[in-house]
Amino acid sequence: MNRAAVIGVGQTRHAQKRTDVSIPGLLREAALRALEDAELTFRDLDAVVIGKAPDMFEGVMMPELFLAEALGAVGKPMMRVHTAGSVGGSTGLVAAHLVQAGVHRRVLAVAFEKQSESEAMWALSPKLPFQPPLVAGAGGYFAPIIRAYLKRSGAPDEVGMMVAVKDRKNALKNPYAHLQLPDISLDTVRASPMLWDPIRYLETCPSSDGACAVVIGDEAGARRAPRKPAWIWGGAMRSEPTMFAGRNLVDPRAGRDCAKDLYSQAGITDPRREIDVAELYVPFSWFEPMWLENLGFAERDQGWRLTADGVTALDGDLPVNPSGGVLSSNPIGASGLLRFAEAALQVRGLAGEHQVDGARVAMGHAYGGGSQYYAMWIVGSELR
Amino acid sequence: MRPVAIVSFAQTPFVRRTRLNDAELVMEVVTAALERARLPRHEIGFCCSGSSDFLTGAPFSFVGALDAVGAWPPIQESHVEMDGAWALYEAWVRLQHGDLDTALVYAFGRSSLGDLQDVLVQQLDPYYLAPLGADPIGLAALQARALLDGGEFTERDFAEVAAQNRARAQSNRHAQVRGSRPAGALLDEPYLAAPLRKHDCPPISDGAAAIVLAAGDRARALCERPAWIAGIDHRIEPHALGARDLTRSPSTERAAREANAHERPIDVAELHAPFSPQELILRRALALPGSTAINPSGGALAANPIMVAGLVRLGEAAARVIDGVAARALGHATSGPCLQQNLVCVLEARP
Amino acid sequence: MARDDENLTAPYVLEYKYRRSCGPVVGRFLAALKDGRLEGVRAADGRVIVPPTEYDEHGEPTGEPVALAPTGTVTAWSWVAAPRANHPLARPFAWALVKLDGADTALLHAVDAVEESRMKTGARVRARFAAADERVGHIRDLACFELLPGDAHE
Amino acid sequence: MSDAIKGFTAPVRLAYTVNAGRAASRFLRGLAERRILGQRCPVCKKVNMPPRGACPTCGVPTEEEVQLSEVGTVTTFCIINIQFDAQARELPYACASILLDGADTTLFHLIQEVPVAEIRMGMRVRAVWDDERRPSLDSIRHFRAAGEPDAPYDSYKEHL
């Protein structure tokens, strides 16, 4: 397998409604920034991989077809990935695979969502015939899982609120982040409406318009890149069915298996010690401690202690979501690639005000569907 | 590149309206494809599927289809919102890494659920084309007119393509539309969207298909005569029809070159041409010699399950290598209005 | 009601009013249509692209708008004998690629030719706009094209 | 000259006929007769409900039908305090994952006739049927307390 690295990263300003741009305009904002970072143009690219969540969000079937010109893909291979919420991560991995397989030398991965063209909640909950009649939204699916985690782990109520505060404070250092909540505190989170008990309003992610792009290059390209590359040490995907007997939704095996595969590729035996920073897909605050356990950063039922002890804070021993995470910006299709891109920015030392000092090894994580689709990568500042 | 082959192919019968749901359709073809390769489910290294939510009208329609795969313990899996031929491409790329030896690829589509003409309008530029309601048959007819204006082909050539494909479909038990009427008789029919007649257009089809890929020695163990992928490539053209020469398919030409199509003669070519004039454009783009048998299956004019038909072309081409009819075969898939995006896969027998 | 051995079926309508945001280039073109004018946009290589996009087919940004005459030439067409509810015209019409005078790419729209026999490739056409008080800034403000007198193919 | 147009409305209306498929059709017809049917996997022997014609873990077709109890255990739940369009329910209301006796997968459904503060994991609940019999999950109007002692955590902890 050939070596590959991230040599360019770009993202849009994320906002609830980016009505100032068209869909192609939104993608180009991210893509052109990634190309600028890599000091390349569209003509230098061999292929384009596009990722996004359901086409119903924008009401355009297979939108990559009409985006061919906007992304300079004419005359090139163009692919469109869709693996539910993990799609941004999968998009990065499919692009990396093309380089690692030796098929291409420079590939652009772009992931986006322009949820303001419809209304995300509507698209996720159409009243289809023959389906269970309850319309409770994404929170209605995930709240019972969080309740099960609380019961299992005995975690104090405050931990979820701590995550909500930490990620929003981090977002204040990220000029691209959607939510900018300077007054966030445990009190404001506690006082926010309990939407889906046990999930409070300020413990949920926003709905955003946004896009993210990364340029992935081969070894020669990475060595010539104008800025420090983020070397891809490993990448993994796993899926499991939505519903089956004995399914563990709190600690899904697909996530565990995916991380195990990833660490083995990256030569990591103790993720807690060896990974310097992690960008995890946390759409509801309680998923931070749950993923810390699922990914092997903490023992079962102990993940919340890392959060409570400040380990996951920006100045902690294992900063989680220095960018502000999904809790601060959530253009669904792009959210996974944003995690991957932030991991790359960290090891390149280009994360700006939310840079973790001395970050050398970083993890990007995405999940989707009913906690059943996983995509992850580990990037390093040095070639492994 | 690492040698990878198609070792097994299965398809449902294609029908106007199936009784089965997506998972049930996928179950049928996945089971058959794995049985043919005698490959146990838990030995599949990678899985990739192709489908579109807009066909069913429901988001995440590929998630339910996963039930048919038996994704436990958790599997390495991906999905493209594209024809299954591109899922096969993703799987081929993944097998190049060398750590996995087998892959399952499947695609499913039920066009019967909605009004396909309305659904496909949503595939167009949302600012300038979709608001006009530009329908896929009208656009294909526009391309047909451009071809007639070029002076090289006539409506009779279109009818010949239709007659030949429907005649060949008579020996394809999976086909939906078969026929024995000669081209001359077809020309007496009225236009559907001039210059296209009904016979120039594909049927509306439901169905699914699955393919098993294997690398190196594993392919030889799973199949007596694997259909080795000698090359595979795909290219896209501008979406704006007014920026293209609709009588040519430069993306097919380029993909064919990249896929080594011209190294040696092709015995069998399966072309994904939903409309009969498109087969003429593709034949020219691929520069196929007269000795090449085109669409022994009847092609997309015999059955056109959206998101599946391209993968079926690759499967049919591979099947001709596997069954010994062809030493070298070509499978082609298309996507988008008027052949906007094209994939070419060259398959061959190897000693 | 379906028989017991048949599957249950039920109607389902996916219905939503999507809200498109145009960005500067599409927005400017739609504003011109609202004013009853046609515009293209100049690409980096000097060509005039119609309908205008923010980029050319290589992804390069486009430049200034270029005013165009409301006349052009049909480069390809097909005949719609039975218009659908979402089509621009209720009576039989032609889909056509129209290369506006001064443009380098062709625009897809309807031609109100009435009779198929009047259509031909190379026909000269003129834009017909919707009534001024009905124009809102939408591709359908350009109601259709019509054949220029004397050029109909009788 | 008009200012650049910022946006426009693009109405989409696509009419579909949804086909429930074989397994779901049988399940839904069962509900019209007030019978809750699961399917047992011939390989792992687990009973899936609602049945989908395939065992999601074994990837084999499932055909054997098993009639399930209308009584089950709340494995976990959430209390909903925001209104979703066209639902018009009185807030707050509770939804729970319910493990029906005889099934190995849970059903997500509404819990009513119980103050939300009293809903708990392990609670035993019973289906309340709608007066109108139709092949729909709406045939079960909701679940209410079954009046049985709570199930111990160990009995359902593998179904969270």
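Labels A, B, C and D are assigned to the chains in the order they are written; within every chain, residues are numbered from 1.
Keep this in mind: contacts are C-beta pairs under 8 Å (C-beta built on N, C-alpha and C of every residue); 3 or more make two chains touch, one makes a residue touch a chain.
Predicted, not measured: the structure shown is a model, and the values here were computed from it.
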{"item": "Far-end chain from chain C, centres as C-alpha averages", "value": "D"}
{"item": "Whole-Å separation of chain centres (CA-atom averages), chain A against chain D", "value": "30"}
{"item": "Between chain D and chain B, distance of the C-alpha-averaged centres to the nearest whole Å", "value": "38"}
{"item": "Length of the line joining the C-alpha centres of chain A and chain C, rounded to whole Å", "value": "39"}
{"item": "Centroid distance [mean C-alpha coordinates] between chain D and chain C, Å", "value": "47"}
{"item": "Chain A, residues touching no fewer than two other chains", "value": "19, 22, 56, 58-59, 68-69, 73-74, 122, 126, 128-130, 241-242, 244"}
{"item": "Junction residues of chain B, two or more chains touched", "value": "19, 54, 57, 64, 66-67, 71-72, 118-119, 122, 126-127, 129-131, 238, 240, 243"}
{"item": "Residues within chain C bordering two or more other chains", "value": "6-8, 10-12, 14, 16, 18-22, 24, 26, 53, 57, 138"}
{"item": "Chain contact graph, described as a line, ring, star, complete graph or other shape", "value": "complete"}
{"item": "Residue numbers on chain B that touch chain C, as the complex places them", "value": "19, 57, 117-118, 121, 126-129, 131-135, 138-146, 149, 191, 193-196, 238, 240-243, 246"}
{"item": "Touch list for chain D against partner chain C, complex", "value": "1-22, 24-25, 28-29, 135"}
{"item": "Complex contacts: residues of chain A adjacent to chain D", "value": "19, 59, 121-122, 125, 127-137, 139-141, 143-145, 147-148, 151-152, 193-199, 241-250"}
{"item": "Residues on chain D engaged by chain A in the complex (per definition of touch)", "value": "6-7, 10, 12, 18, 20, 24, 28, 44, 46-48, 55-57, 75-82, 84-87, 92, 95-97, 104-110, 121, 136-138, 153, 157-160"}
{"item": "Touch list for chain B against partner chain A, complex", "value": "1, 47, 52-54, 57-60, 62-64, 66-67, 71-82, 86, 89-90, 93-94, 96-99, 119-120, 122-127, 129-130, 233-240, 243, 250-251, 254, 335-337, 340-341"}
